[in-house]
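Please find the structures below.
Shared between the two complexes below is chain A, which has chain B as its partner in the first and chain C in the second.
This part shows the complex of A and B:
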């Protein structure tokens, strides 16, 4: 059932780092690439992120995730390469259009940043079970009600997708067209979505009764079912990350 | 009947359970749009519906959770747009509360406003993160044309977002409105915050 997440089960040092340190890494990695606008530094950060993914044995799994952002990257390169406001130096010409050096340089920088953003999140997403992340956040004081919301989404969506299969078949059996012209396809949108929405809203009623019975609204301190896993290298890694980030900020302010 | 309060952090259990369901509805809207090959995203029906049912704050939470979960499961870039989704939820929630969902005409106005707000919030994000593009072909074509004519970057980027967001949000709000009108009354009352009608 749990095919929603991108988590990859491996045994690696990255998997054994605690989720909050990885969260900190994601934030600092992305913020640094946007603070610094030097190609080499950004490339360095990106290569470092790749190195972590390789250590975590999940480098192959990040490629399709980067692929999802392909359209974004392509549009950045095309639009900025041809049309960036500071265009002066022609790099080379494609038919009637010319690619400008300034625009291409910026497009390249943004591409590096986007790939780094996706890969940095990849470090967190591919090597951390969502349950572990939410549990770590709960222990840091996240409201348990909110923790429930985050985790139940991951369970509800596959259920709803399964339900839509049934509804699509049922509506087709009643003669609904799901292929054809744009208007035809558009008209079938509501008959498909309506029953699923109604169904899931009615289900929320049962679910909230079930939760209330189990003391969902109880005040007071909660205990945890699972024992905390022994994560490693947490404190030194955090210190290193924060030190790096301070260096970046100082460097940015000075230069 | 006491009128329900718009701004409250005291969520009923039903309102909390509504959040994951609404995120699921967002997800399905997007899924159906791609299955039917519609040229729109329609990925905010759940957000708008939750705002109509349970107010702006629940709507905003749905928006944020939606993009976090989507970022976790499909495309990390969507983390960036969590703020846009939150703004959509807040805008739709306030206007729905003020009665802008009483008929189709008003719902279209609501859609236009939500679209504009989405564009206003997205533009700075687009400029900060990718110098103005949105990765929607039509919007980016317009963006390129405007840059080629030496118009300022922010204006071109805003136009880029408007072209994409306004039609999408008008359709989204209209669909949510039609679904909302079709809901049975006991479902609508379930998320009411007054706590007097039905306290689960």
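This part shows the complex of A and C:
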């Protein structure tokens, strides 16, 4: 078994970019889509994010995540499409219900923003080793406790998946039917939640003992094993990102 | 000055009314190797926590008396200061990895980074401790991808790198297979020779007899005796404390070989008198009455987690009759095999028949009322909030009425000795107790076949005796019992039939006595003979002896 992370090991220029620059990218990419309400610009930003994912050879890994977020997106489209307060123009009708253009337009914008947010985080998480990210932040003065929490959050989804598998086995072994149709699976999913959370908590306690005995809570100066290798294009990339962001803000203010 | 000094240490966990440690005093000098023995509730782990500051700083609770590490008072210093001087290694290798680092090299660095050690010193120390622990070739590996024995060595390397004055090991091999156990003991021996002060709680008495300068015998939080291994293991009342003496002392006791001058028994091979003449009476009859049980027939079974990599490779076997032990190294496919029997996995090819009906096509849930499987790690099995709910979950699922399920659950909890804890949360129990809860929860389903995966891990000698009693009882009720084991002494004591597993195949299937004579098969499967068998061999006898009761008498020439 491996450490469970979402990180995808590849050799790509995106992987070589330093974590902090990627973090800055995530922030600016998401913030820009919310500052701007022009569909085309937002679409442009999204396509750019997609392009980075493609360069990083991790585009495939983001698709399931976007798939999951479509549940949210669908509900946005329905709510906005039917009930947007400025609804006047009927776009099309589904039986007795009308979808309005204004609402649909807003819903479409929100969809773009959500997909871009998921993808931008994807750039960071799929192409950066979690420990590199956290170490970069620690060296910038982030508290180690917070860094550790962040690291755990990054690992929590795959860990839950693994644990769920184990507990499902335990339940099947004792006569609980989990195989079968969608409804059966859904029914057997609910009793899983309690033990999964409980089990994680137990593991957390043991882990925190492990951290304690390695002096994790020591006050005083820490050192780092690895020197931070300065990424060659880090500064120019960051300048470009910030310049873009300023342009967006200025454009937003004057338009 | 002594490295460690305890004066009248008393401690209670929060929300507990009994002293986990009760008036403990002793000192440890530099370079000493001190063993701690006692049953599971004796307070060994708590003592280890107290020596490393986790008690009272992490666990809180009521604390009295003094613990000094060198001249540092544990009570007034923080854990991080204490752990700079005391390294602690505990049972579960998995939960000792920080999870914050992704290579072995970085994992070892974790503690050093926290201590603020300069970078060049750090590299030097990491390399040094990797060399000492023999894990240099693992440095780029992910800690979680390692075997238990390797992980435990990484855990030791991680604390050794912090240069503690004392190394405390709390049953470091109790969750490892025989090979992992050997790896770990090998490095502990090396550390001891290098002059490291070591304190080790352990159930494997043969090892303590070999290494320890002194042994602390604990019971119910009290220090019963602080003496040499010979003194401790020659006590006649050891059994009252749930401690079994090492096999040499046990045999010497059976044969009445007490040293006339000191009144002590020999505890190692070198101390055994050379001119022995021992008679043996191997038990020919099975110790259990023959019973009809359910029958599992396996034909040409194949299974792999990944295509082209068979974990189970063309297995043919018929399982019925007296309890069967399955032995072999980790990764040999034993757990995979029993998961296939239980239909938790689907075979790639071949079939499994239970009393004439094919089971490979049914679901695990549908089989639940016929085959019970007790997982190796109880944490993978337990998921309810009270012990009684946990034990009743299976019976209710297979259609027992509420009253029936409750009656069955109570009966099984009585059997495993946990009835008074029925309303507690399983997560508040010890590992050994959780294993018993997991066992009761399967037994309450009253299945025709019961499969145990490593039931003796983490159990003290009383727990093991209980497991043996349960296995015998199940067979007496006409159930088929299959048991995966790493504890060869337990196999020799309990099972008439043994299967040796290696690389997804059976190397041997037959009488246990014959199994332990298969030196070649044992070597390939990387399992050792039981201690008693090895002892008899090393004394120069040809027989395969499995139990103490097979020793008859001795006549010494010229003594």
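The rule is simple: the second predicted complex is superposed on the first by the 176 of 255 C-alpha atoms of A that agree within 3 Å, B and C clash if a C-alpha of one lies under 4 Å from a C-alpha of the other, contacts with A are read in each partner's own complex, and residues count from 1 in each chain.
The working rule: contacts are C-beta pairs under 8 Å (C-beta built on N, C-alpha and C of every residue); 3 or more make two chains touch, one makes a residue touch a chain.
Note that the structure is predicted; figures quoted are calculated from it, not measured.
Shared-chain residue A:91: touches no atom of chain B or chain C.
In the superposed model, A:177 makes contact with chain C only, not with chain B.
Touch criterion met: A:164 reaches chain B, while chain C stays clear of it. Using the contact criterion defined above for the overlaid structures, shared-chain residue A:83 touches chain B, although it does not reach chain C. By the touch criterion stated above, A:8 is placed in contact with neither chain B nor chain C. When the two complexes are overlaid on their common chain A, residue A:114 makes contact with chain B while staying clear of chain C. When the two complexes are overlaid on their common chain A, residue A:20 makes contact with neither chain B nor chain C. Looking at the shared chain after the overlay, A:142 reaches neither chain B nor chain C.
When the two structures are aligned on the shared chain, A:237 is found in touch with neither chain B nor chain C. Applying the stated touch rule to the two superposed structures, the overlap between the chain B and chain C interfaces on chain A comprises residues 130, 148, 152, 178, 192, 194, 198, 202-203, 207, 209, 211-212, 216-217. Within the complex, the chain A residues that touch chain C are 1-3, 129-131, 134, 144, 148, 151-152, 155, 166-167, 169-179, 191-192, 194-195, 198-199, 202-203, 206-207, 209-227. Considering their complex, residues 52, 54, 58, 78-81, 83-84, 87-88, 90, 92, 95-102, 105-106, 109-119, 122-123, 142-145, 158-159, 162, 339, 342, 344, 363-366, 368-369, 372-373, 375, 379-385, 393-394, 397-398, 427, 441-442, 445 of chain C touch chain A.
By the touch criterion given at the top, residues 4-6, 34, 65, 68-69, 71-72, 75-76, 78-80, 82-85, 106, 110, 113-114, 117-118, 121-122, 125, 130, 145, 148-150, 152-154, 156-157, 159-161, 164, 178, 182, 185-186, 188-190, 192-194, 196-198, 200-205, 207-209, 211-212, 216-217 of chain A touch chain B in their complex.
Those residues of chain B that touch chain A in the shared complex are 11-14, 16-21, 23-25, 27-29, 31-33, 35-39, 42, 45, 49, 61, 65, 68-69, 71-77, 79, 128-135, 137, 140, 143-144, 147-148, 150, 152-153, 175, 178-179, 182-184, 187, 190, 200.
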